[in-house]
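Next up, some structures in structure tokens.
Same chain, two partners: chain A is paired with chain B first, then with chain C.
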Partner chain A sequence: MERIIFYVLAVIMIVFAIASVTSRKMLRSVIYLLFVLCGIAGIYFLIDYNFLAAIQLTVYAGGIIVLIIFSVLLVHHIEMELEIAKISKQILTSIACLLGLGLFLTTIYSYEFKVVENTLTTTTSDIGAALLSYGAGGFILPFEVISVLLLAAMIGAIIIAKGKKLTDKKDEIV
Partner chain B sequence: MIRALSITKSIHDWLYSSMSENMAHLVEMVLIALVYLAIFSVAGLFLVLIERRVAAWFQLRIGPNRVGFQGLLQTMADALKLVSKELTGTERADKFLYNLAPYFVIITALMALAVIPFTQDFQAFDINIGILFLIAISSIGVIGILLGGWSSNNKFALIGAMRSGVQTISYELSIGLSLLTMILITGSLQLSQIVEVQKNGWLIVQGHIPAIIAFMIYMIAGTAETNRAPFDMAEAESELGAGFHTEYSGMKFAYFFLAEFINMFIIAAIATTVFFGAWLSPFGITESIPILGVFWFLAKAMVLVFLMMWFRWTFPRLRVDQLLTLEWKYLLPLNLMNIVIMALIVWQNLIIRF
Partner chain C sequence: MIPGISIYEILTVTSILFFIGLYGFITRKNLISILISIELILNASVINFVVINKYLYPDMLQGVVFSLFIIAVAAAETALAVSIIIGLYRQISSVEVKEIETMKH
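So, the complex of A and B:
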């Protein structure tokens, strides 16, 4: 049963990933990308990694895809189609893709995967404790670095959004 | 993962005895899906009728009362009419996305229904991250609205979709944070666990002042999340036609319409589960009869649904900037402060427990 579901999900993901990069309508490829991301969430659900699956749905499907759709809605008209790249560019990209694929495949096949009987589901409190622990295997440093990064991004966004107003005020003071 | 319903235990056993395991599993999944689809459509139609009757009551009218007893079959007849209508679309619309959009809205609503504990045993998917799953699912539904608005190739629909997107993304924060406030008491995201904690008093009593603040924020944000008045900028009739579903007709329009009402029910059901003890009876008066859980759950949810309808027919519509000011300048800071207060209360063990 699980094997069938896995193959169904895998086929869905591959088909929509290809559709996403070949479609000439911008919003359609975004939606195909959404299906790929939902497929990944499905695989996480399949291996009982519920927390990561929910995060995948919230962050990628709910957050990033919605933001991409927003930007498409703002810049793109329904009748526009994406242009086709030049032949030389197509060849270059396909060579790069094949190289990347080869690298992945050799890595995957040269490594011996051990089947682990994983009956324990990771609880949210475990994840929280791991994020805040500074002992071995703790993630406090990346956690803090990411929060500083997010703070910087937020301040940057506010400055960009209010830029005119801020500089105007300075002029007044001078 | 799928917890079998105790009422249907015999069906479950019969399926497994008469078929191979995989086949039985598959049939069972299909059966559960059908049950939930039935709940979805019946509850949706019923809610539409209630809304119309309540609206009539608020406006001193009678409302639909001709088809069936007290108009009970009115929405069924409406649904039959909608099924028989032609499915139209605009010229040069993106047909694929246009047809896809209603399903996004419906599927997310159905997935959210699956985790709601109607009684102890009537819960299709008791996942260990229940609340987080609900928040994750609700953030996907907006994609359907955005797609529907864009692919209609209609300016009003597009404006409606953009407004709806802005609104949903903003108010999701408030919903998540107000639920998080309550998670501080329960210490678990699993919905069955949350109900278990409430056997010593509903969470709105346990958490007293911050819980009531969280509940008020949740109801405001929930009304906004479902795009209902006074936050119905997405389909403001006076300025946008019907907003994102202007171009939809027949059953595809009905999908959007039903999903809106089911989303309202889901918001009420989550509030029931998190604040009002889900299927638990008040003071445990009917604890010995577990089957009455459904009655209590639906009664509580219906009171909250009525509250949302009351909002709708009482308050005038906000402007977009007022809406965003309300969220980002008032609800969000209040919410963050509320979480700190709740954390202090849980830390000092000032919870009221019976």
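So, the complex of A and C:
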């Protein structure tokens, strides 16, 4: 059963990823990306990381996709078609990507992974305890650094997005 | 771990996703499309973190915690990129890569 679900998810993800990078309509390509992200959340559910799947659905599918759709609607006409790269460039790039993919796959398949058979379930409280613990294996410092980074990114985004008015006002004062 | 699925199959899928993202990153000529490709690449690497954590070191949490951090950084990066794109559109009324020269200097 899990095999079938995994293969269906893999096919959905790959097909919609290709559609997302080749579609000529901007909004459609964003919606295809949404399907890919939902497929990734499905994989997290399959390997029993429910918390991570919920994060993926809320932050990516709920937040980032909406943000990108906003920017598309602010910047483009909906019916506008994107210009595509030259055919020669497309072919060259796809050959290079296929070569790189072949290199990756030969490296992966020639390495002997020491897989540990397990059916452990990670609960949300485990992740929370690991994030907030001071001892060995704790992540309190990166957790705080990420919170400061998010605050800085928020302030930076606000200032960049309405930068002109702010600087004008400053000039008047000076 | 997923019953009946080996780590090789999952790593194959994530490698394919990564290179699709790379293809889009190189061939697209629009800033928002490039942002979408970056999201694909980041997501492929996040699945790798999680899967290797689950299959090779199931009693640890490092992979999960790092993927949380990657998701947070990706969200911050997207917010900044969108604000830059909107500011750029206000100045030069375009988001095509070849017309963006005002930020060079």
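Simple rule for what comes next: the second predicted complex is superposed on the first by the 132 of 174 C-alpha atoms of A that agree within 3 Å, B and C clash if a C-alpha of one lies under 4 Å from a C-alpha of the other, contacts with A are read in each partner's own complex, and residues count from 1 in each chain.
Criterion: contacts are C-beta pairs under 8 Å (C-beta built on N, C-alpha and C of every residue); 3 or more make two chains touch, one makes a residue touch a chain.
All values reported here derive from a predicted model rather than from experimental measurement.
Q: Give one of first, second, both or neither to describe whether A:L120 is in contact with chain B, with chain C, with both, or with none.
A: second
Q: May I ask you to decide whether A:F139 touches chain B, chain C, both, or neither, giving the answer as first, second, both or neither?
A: second
Q: Between chain B (first) and chain C (second), which does A:V148 come into contact with in this model arrangement: first, second, both, or neither?
A: A:V148 contacts neither chain B nor chain C.
Q: Give one of first, second, both or neither to describe whether A:I91 is in contact with chain B, with chain C, with both, or with none.
A: It touches nothing on chain B or chain C.
Q: Is A:V21 in contact with chain B, with chain C, with both, or with neither (first, second, both, neither)?
A: After superposition on chain A, A:V21 lies in contact with chain C alone.
Q: Scan A:L57 for contacts with chain B and chain C and give back first, second, both or neither.
A: first
Q: Report the partner of chain A that touches more of its residues: chain B or chain C.
A: Ranking chain B and chain C by residues of chain A touched puts C first.
Q: Looking at A:F70 after the superposition, I want to know if it touches chain B, chain C, both of them or none. Which is it: first, second, both, neither?
A: Both: A:F70 reaches chain B and chain C.
Q: Going by the contact definition given at the top, which residues of chain A touch chain B in one complex and chain C in the other?
A: Touching chain B in the first complex and chain C in the second, residues 51, 55, 63, 70, 72 of chain A appear in both lists.
Q: Which stretch or stretches of chain B touch chain A in the complex?
A: So the residues of chain B in touch with chain A come to 22, 25-26, 92-94, 96-97, 100, 127-129, 132-133, 135-137, 139-140, 142-143, 146-147, 150-151, 153, 158, 161-162, 165, 169, 187, 189.
Q: Over in the complex, which chain A residues touch chain C? Could you list them?
A: 2-3, 6, 10, 13-14, 17-18, 20-22, 26, 29-30, 33, 36-37, 40, 43-44, 46-49, 51-52, 55-56, 59-60, 63-64, 67-68, 70-72, 74-76, 82-85, 89-90, 93-94, 97-98, 100-101, 104-105, 108-109, 113-120, 122, 126-127, 130-131, 137, 139, 142, 146, 149-150, 153-154, 156-158, 160-161, 163-164
Q: Applying the document's contact rule, which stretches of chain A touch chain B when the two form their complex?
A: Residues 1, 25, 27-28, 31, 34, 50-51, 54-55, 57-58, 61-63, 65-66, 69-70, 72-73, 78-79, 121, 123-125 of chain A touch chain B in their complex.
Q: Which positions of chain C touch chain A when the two form their complex?
A: Contact set of chain C toward chain A: 1-13, 15-24, 26-30, 32-33, 35-37, 39-40, 43, 46-47, 50-51, 54-62, 64-65, 67-69, 71-80, 82-87, 89-90, 95-96.
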